[in-house]
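Have a look at this one.
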């Protein structure tokens, strides 16, 4: 919290993000652990269960502290809120317990937002990581929601992971499916993630094919650099004609010079 | 209805659309309400049910009035009919009751057609809104068609919404599916919507990836502006050589001037 | 069959195709009718059934006559065979009865191959028509294969059409599915068609989005015409400097002229 | 193994790959045969079964020899390992028996990596071949894993092939689905393959549509060749102005020449 107050706001926001990046990632992993353990071990003693619950609430409060601090440090607060609607929703909605785990996805999304370079390979790694996290968190959430429901068919973690995989790839065998309202909302998130995933893979492959095919078949398009080289050449030509006009030949509107006879 | 008759037809059509935009949207929402209420509350007293039915017919007639007025005001009526085939189909087909509710989709489509700017963000909002409306209307229509059918497995609004979501994402678990002809036609519309939705998401992501990747990796292509700057430069050069030809140097075919010696 | 023999081979092939286009389309529709009737009416008297079978064989023979004639008239026969592998497969394979009906798809594909203009709208119409034909033919073929099978769940044309729709959109509820080998091969064709359909819709939407977004946001790229205008301008400039070199200035390698003093 | 040791490392690696290409392909086919036979014929005598197992181990060892040789011959070993992570995983993981068969996919991938030209047609052939191989191998692997499982519904090769087809196209009827952990991992690979397949088909169609549509509607973009022609023209112009500067006019920064009067 030792943020110098004499710096300009934008600087302090950046410094805060840099300072909290590692602790927040650690807190997110912790959150996943204390979220997962009571779901995976239904026979957990009540004392441990209470400890997990308490840790969840504590981490959630720390996420709130981080969000409010970033809001205060932000230059344009209205814009900050608009840009972080998903973060806010995840913080406000956790009354609905399973949705809280989606905070992890936010971490990955934040990581990818901070990345300077967006090469295709790096993008693929982030999409892959987000997909795996989404499958894991959804499996946990759906298992939590469905286990004790009547007529439920998702009662083990194996089945939950299998169901999440079958859903995100939009295969949908129908051997396992949620029957509770909460489970169905989790499924909705997974399906939207699945469509996004397919869209990303398709889009990446499409651009890759375009590059592969166009590299060979077509001549390279003229670039701004080619045009700049041409302009330099013409400028040199003008200087040759009128040595007095030895400044940059970039301004074609200087008619006074142009009106002088060339020789 | 106070459209001035001394204006030119095109103007009157535009003014009519501007005048009716808000009332039509209100009527569409009303239509959805009176369509949904008898489906969601099967125990509705007969008097209320009759009132809903009457309102449906009234709004439908007002839609007809709007369509015929726009057809009369349109400059080229054949072209207007060709461009509004979907509107016409929705107005003529409502003998089939569930299809009537698709009128709402037309409203959203009209809104998006009127939009001046087609930025990607705005496009995404319209596609999202259309998708949600399509899911809602399809769930209502399929529930109306399936509820009383033999061997039906879609008997509550929850199940209908879940079925519509599972169908539009092309997951298709098979825990709920329509068994009546009407329900299957509703499903057909949803599936086509789903393929369009996946196509839109994929297409958007593909163009986004192309932009992201090409912004960094490739030099910007030369634009018409770059070429125009070059031409201005060469024109200035020609004026330098031949001060008398001080008019625009745009016409390279004026050989009489070019034939004069430079110095 | 009154093809003039004094024409050059390529001409005769084109004339043959023009002459047979309409009869072949009629024969294809006939083929679909005589294929569909015995499937849709299982209680058809044996005499009618035999008549349908005879017509099927007759049309099939006429397709063979057309194929062999086109092969003989073709300039490069090896290339013709390579370009018409699908036509040939459909003619040879009809030992397997349901596949014969795929001949109709060939007709649509041929129509689209003959089309001069490939505007996006026209492409969409062909894809839509092919999709509907594929669904119809597959429904007939699967019904024919499955109806009498043990444990079959596709026993009416309604169910077959519904199954084909659910399959081509890759939704796959699993309420109806083929259990025979023939039915499963039909399903394979439908699924491949479905992936192609999704690919086409996605591709069309992607290019449409790219056009929409790029039209507004980016400056137009420089075209070859812009460059040609620039070259004409420079050519005029060279004529201004050296009036004797009044021929085209296209050859920058003519050093003998360039070595003469400008004034 | 007669690799000359006096050649430069890169050459020896290339020669090794050329020498082993055919034997490795043969070994891969052998591997598929000895992998498939005991699965397809569960009543195989134990002696034959042992022979198949021994051949599998032998071929696996030969694959290891090839991999280690290529690693030794590679110029940059770290980079070689990074580029061949999938090859290495397939060699190390075969403790899990069904995954071993994926070695075949590597062969096809290697073939396509060696291909000099990446025309769209050739790419489609490789994707088609990989898809078919993936379906075949997955069907064998899932049958091997599921046949003896309790409550299994994939007990014949026909059903396994049908299940693999329904899964890779993401239709997922749910009439057959794996229930064992191994079977579900095979399914995961198939689903990922399916998403990749859809992505490839969509991407190819999208680029094809773009080419089709843009060929007609838009003027060709200016290429680097057009710009080069322009520069040559301007260079000739400069030589005309200053015959002494008869060297290449490529350097616009040579101000000393440009300062001389033109006439």
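Labels A, B, C and D are assigned to the chains in the order they are written; within every chain, residues are numbered from 1.
In this text, contacts are C-beta pairs under 8 Å (C-beta built on N, C-alpha and C of every residue); 3 or more make two chains touch, one makes a residue touch a chain.
The shown structure was predicted, so the numbers you read here are calculated from the model rather than taken from an experiment.
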Inset, instruction - To the nearest 5 degrees, please report the angle of the rotation taking chain A's Cα atoms onto chain D. - result: 90
Inset, instruction - For copies chain B and chain D, work out whether under half or over half of the interface numbers are shared, and give different or same accordingly. - result: same
Inset, instruction - Calculate how many whole Å lie between the centre of chain B and the centre of chain C, each centre taken as the average of the chain's C-alpha atoms. - result: 29
Legend entry - Chain centre separation (chain A, chain C; CA means) in Å: 41
Inset, instruction - Indicate the residues of chain D shared as contacts by at least two other chains. - result: 170-174, 198, 202-204, 206-207, 210, 221-223, 226-227, 230, 234-235, 237, 241, 262-263
Legend entry - Complex interface listing, chain A residues touching chain B: 117-120, 123, 167, 170-174, 177, 181, 184, 187-188, 191-192, 194-196, 198-200, 202-204, 206-207, 210, 221-227, 230-231, 234-235, 237-238, 241-242, 249, 252-255, 257-263
Inset, instruction - Would you pull the chain B residues touching chain D in the complex into a rising list? - result: 170-174, 202-203, 206, 221-222, 227, 262-263
Legend entry - Residue numbers on chain A that touch chain D, as the complex places them: 158, 162, 165-166, 169-175, 197-198, 201-210, 212-213, 216, 218-223, 226-227, 229-230, 232-237, 239-241, 243, 246, 262-263
